[in-house]
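Here chain A shows up in two complexes: once beside chain B, once beside chain C.
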Partner chain A sequence: MGAVTLQNIRKTYEKGTVLAVDDVSFTVEPGELFGLIGPDGAGKTSIFRILTTLLLADSGTATVDGHDVRKDYRAIRSTVGYMPGKFSLYQDLTVEENLSFFATLFETTIAANYDLIKEIYEQIEPFKTRRAGQLSGGMKQKLALCCALIHKPTVLFLDEPTTGVDAVSRKEFWDMLGRLKQQGITILVSTPYMDEATRCERIALMQSGKILSIDTPANIIKAYPGKLYAVKADAMHPLLHHLRAYPAARSSYAFGEFVHVAFWDDQADDDEALRQYLAGKKHTGIVIKPITPSIEDRFIDLMTAAPANAHATATR
Partner chain B sequence: MRILFFLLRKEFRQIFRDKSILAVIFILPSIQLVIMPQAANYDVKNINLAVVDNDHSSYSRRLIAKVGSSGYFRIVAASPSFKQGLRLVEANTADLVLEIPAGFERNLVREGSQQLSLAVDAINGTRAGLGGAYLTRIIGDFNQAVRLEWQSPAPAAAIDVTSSNWYNPLGEYRFFMVPAILVLLLTMVGGFLTALNIVREKEIGTIEQINVSPIRKWQFILGKLIPFWVLGMVVFTIGLTIARVLYGIIPVGSIPVLYLFAGVYLVALLGFGLLISTYSETQVQAMFVAFFFIMIFILMSGLFTSLDSMPPWARYIAYCSPVTHFIEVVRMIILKGSSLRDVSHQLGYEAIFAVVLNTWAMLNYRKTT
Partner chain C sequence: MKQLLVFIRKEFYHVFRDRRTLLILFGLPTVQILLFGFALSSEVKDINIAVVDFARDNASQQLISKLQGSTRFRLQRAVLSYPEMETAFRRNTIKAALVFPANFNVDLLHTGHGQLQIIADASDPNTATTITNYLTAIIGDYQQELNQAAGPLPYQIIPETRMLYNPDMNGSLNFIPGVLALVLMIVCTTLTSVAIVREKELGTMEVLLVSPFRPLLVLIAKAVPYLVLSLLDFTLILLLSVFVLDVAVRGSVLLLYLETTVFIIACLSLGLLISNVTSTQQMAMLLSMMGMMLPTLLFTGYMFPLENLPVFLRWAPNVVPAHWYYLIVKAVMLKGLGFGAIWKETLILAGMSVALLGISLRNFNIRLA
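Showing the complex of A and B:
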């Protein structure tokens, strides 16, 4: 049995008119670092709130550590650690006061589980008499993580822990998660950043309350159908326009300074034909190179393939 | 119990760290007690009077002099006509117009009777009513004096009523007002602060962290109730001290009974604040809802107006507010020296409010949505 299981969980808001989580089922194995990846509004936070017993699902069952979220909510509350997306510690208490307060809520002390948070806490210890509200963004995240860990939870829920945190702190944060995992804590983390997905052991790609795919990051990339090219030319806007009209291309979307062009699965790898097509449209400075798809490419691919409500919004 | 202790420690830390709230809790009551009873006063003085004397006789002059020397009236104008006198009322410079008709003295002497006309600006009902009454009284006195001058001894049989004010011998307004303001203070601290406190945790999101922890509902709610109960009692003590030092109001009744009542009342009011906070999502919402109810509570409580002069339906509404009973009891204990037995009825009411409001709040507070 998994550390966290969801069976056909469904959740609606506004008297059933807004569907937040649509028939979601998955299992997280004990000791696993599992990522929920998806844009804002995909339903990640709703799932977290259901699993941490803050929200009741409309239908379906879910367990955490073998406890049912509906019946054994009390057992779950004393074993899980939850770090909400929004910083929610007492801003007017100091770092140390926050930590010891949360320790006492779980009837433990800082000293009892110090080894678990030692590495993280040491970084914020110089500021332990400072009020939490006056910490920098990265420091706040570290403190929040310490508070979520202080009672040695078996399962740790981190809802968008790296949103609004700088690149260096983000990297540090993921390194910390990797080390926590080695201590045997099951970690469920959500993030809107696709580049962070590869730091997870397994990920679930989510969109509009549905799970598009669950697998290891490597397998998800491997499952990418057809070839992917990055194309660049001097006039980018008409280029995108022309590529979308190109029959061999499945989809084309702007991606950084390039346009990513996905070919149909059964198409021969013919970048020469594409070059000639673009030259025929009077493009100059054409660069075409085959690339390995990223998680984001796979996500866009799944999203455009998904019927109806999927919008191709994930361009950047 | 240990968890409750830590919750309380956290609450007190937060309260004492928020300097502005702390200032409001301690300074505002003092200022209110110092200023309010002195400024707000029901004694009507300095009523502006315009006199229209169409007679210009010695009797009319005597009457005007008597009115002017009474101390209640300020003669602002001697208008040549009633019309002009009324214009002064319209311009807000006069509250009353007294018209003495031509031939006042002649008719009074010859026919033994004469009518006077009195026009009162009734926008401020109390002022108009009292002003009119004072003036009528003075004219009555004048009448008596005139009559005595003419028909020597042989006085007519008359019933003379002498009254004496009990519990507040000089009928001083502050004795009536200060105890009620004490109640007002307790109501503010108890009602608003608790309502805002829990909602603030909702707004910041800290309540989520509390909700995923194993702490129980009653622990959390007690952790919120106790600090504000203590603060309320401290404020009450400050208020009593100010009343004693500044106004010389020393409770005639027993102080323990007063505190017992204040304690129960605070629990009821804290329950009310908690209840609002469980229904509100934002501090603004909580503030407005609490303000709405406390406003009604206070206006209907008999703080400013007498409960007995309300229509029956309004009196029923007034009795449904904990503030009403407390104001009544505070006045009873402080001024009359009522004992526990005298106020046991009201104490029962407050206890019911306390139990109902707190139970409701506790049931409505959910850790899961």
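Showing the complex of A and C:
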């Protein structure tokens, strides 16, 4: 039995006119670090709220720790830890007051589970008399994580914990999640940042309420069909235009300073033919190099494969 | 239980660390009481009146000195012709004029009829009526003195008016129950709804719901501090009324507190209801300020006489809790009546409180939507 299971979960808003979660099923194993990856509006928060019993699904069943989200909501509420996306603590309470308030709320004390939060709390302890509103974004997230962990939850739900946090704090945050995982806590985390996906054991790529793919990050990359090249030239705008007109290319999209070009198959002379094509279009300074696809490449690939969702973007 | 206490303590932290909330809590009632008590009073004071004395005899002098003794009037003694008087009225330098004809004393003593003319600026009819009432009262007073001195002969009937409960027509009296109702309504309803909606906005409500803490206890933890603070507010207004405005509490203070608690529960429930249907602090503030203040002002009866309501709105005061609370406070505080006189109103108010509380608790969502 998985720590978290969803079966054909469907959720709509506005009297059924807005489809937020479309027939989603997956299972998170106990002790697993599972990531829901997808852009804003993919349905991640809705899934979190259904699992934390805050919303009722229109149809389908879900369990957390073996408890049904609809019937046994009270059991779930007292065992899980939850950090909502917009969670910002009580701005006018100090760090310590926030933490001890949530500890009491969960019928425990800071001392009882101190070992669990010790590593995180030590970083914010120098500021414990400071009001939460005066903390930096990264500090706030750490404090929020402490508050969600203080009762030693069996399953931890983190909804976009790294959104709006600087790169260093984001890295630290994921390091902390890795260590929490070793304590045996099942962690379900969501993020719109594709580069964070590789920090999870398994991920579900989500788009418009649907799951595009569920697997380990490595397998998801491995499943990338065809070859991928990064292409650069002096005139980037016409380059993208010409690449899109190139018949052998499956898709082309801007990616940082390069254009990523995906090919249908693994022909050996792909790059040579492309170079000649571009030279024929009077491009100079052409750079073409084969690259290993990232999660983001795979996501874009899956997204364009589902034509209905082609308008959505996942580029940065 | 321990959770509840810690939760309540947290609510007090919120209140005492937020200057805005403190201002609404304690600044608002103070300002309201002082404003209504001093600035916005409908009493007339220091009215400029011209005394035109063509008589210059014993009687006119005595009357004038009586008028001077009153703090309500500022006398301007001058012999004005009628055209001059009119100019003074137009320039608004006087509000009324009292004209003694020549031979005033002689007429009074010989014929028993003294004639006087009071001219008032009736462009403001209310003030004019008040001024003429004051003037005739003072003249009547004088007449009585004359008659007492003269013995039983010239019978003159002087209508005696006695202002029940408020003999000096102290304007502070009537509005204090009204301000009480208004302030408690604003404080309880607005602050409670905003306090709950703030948790929704911050996202902390989600965490509170996903915890072993029972959702209903969240409401109780929110309501208890505001109940306490509202009672503090009530005490503040009472103290201000007694010590600053010289309005005595005639009835039982304990009864007043009990009735106030019942009313506060009604207001808190309204606040909870509003927090159920709104998701932003601004919306909650707007709804509770506008939605609650207007009916309280209009239908309580302390600002506008309820008799003036159009027929199709006559039922409205009956469904406004503040109206019943106003009646109760007026009876207990100003008239000194006991529970026996107000049990009906109390019953209605209590019924409303229970109903509102029931509805708001029933409507409270244990989930987000």
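The criterion applied here is as follows: the second predicted complex is superposed on the first by the 308 of 316 C-alpha atoms of A that agree within 3 Å, B and C clash if a C-alpha of one lies under 4 Å from a C-alpha of the other, contacts with A are read in each partner's own complex, and residues count from 1 in each chain.
We take it that a contact is a pair of C-beta atoms (placed from the backbone, for glycine too) under 8 Å apart; a residue touches a chain by one contact, two chains touch by 3 or more.
Computed from a prediction, not measured in an experiment: that's the story for all the values here.
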Overlay on chain A: chain C relative to chain B, clash or fit: clash
For A:S190, using the defined touch cut-off, is the partner it touches chain B, chain C, both, or neither? Pick first, second, both or neither. neither
Identify the partner contact of A:T162: answer first if only chain B is touched, second if only chain C is, both if each is, neither if none is. neither
Return first, second, both or neither, reflecting whether A:T45 touches chain B, chain C, both chains, or no partner chain. neither
On the A-aligned overlay, A:F102 touches which partner chain: chain B = first, chain C = second, or both, or neither? both
Does chain B (first) or chain C (second) touch A:N113, or do both, or does neither? neither
Go through the superposed model and pick first if A:Q207 touches only chain B, second if only chain C, both, or neither. neither
Part of chain C, among the options 57-65, 129-137 or 147-155, whose backbone runs into chain B after overlay: 129-137
I'd like to check the shared interface: which positions of chain A are touched by both chain B and chain C across the two complexes? 52-56, 73-74, 77-78, 80, 82, 84, 86-93, 97, 101-102, 104-107, 147
So, in the complex, the side of chain A touching chain B is made of residues 52-56, 73-74, 77-78, 80, 82, 84, 86-93, 97, 101-102, 104-107, 147
Show me the residue ranges of chain C that touch chain A in the complex, using the header's touch definition. 2-3, 6-7, 10, 13-14, 17-18, 202-204, 206-213, 366-369
Name, in rising order, each residue of chain B that touches chain A in their complex. 2-3, 6, 10, 13-14, 17-18, 204-206, 208-215, 367-369
Hey, which residues of chain A end up touching chain C in the complex? 49, 52-56, 73-74, 76-78, 80, 82-93, 97, 100-102, 104-107, 147-148
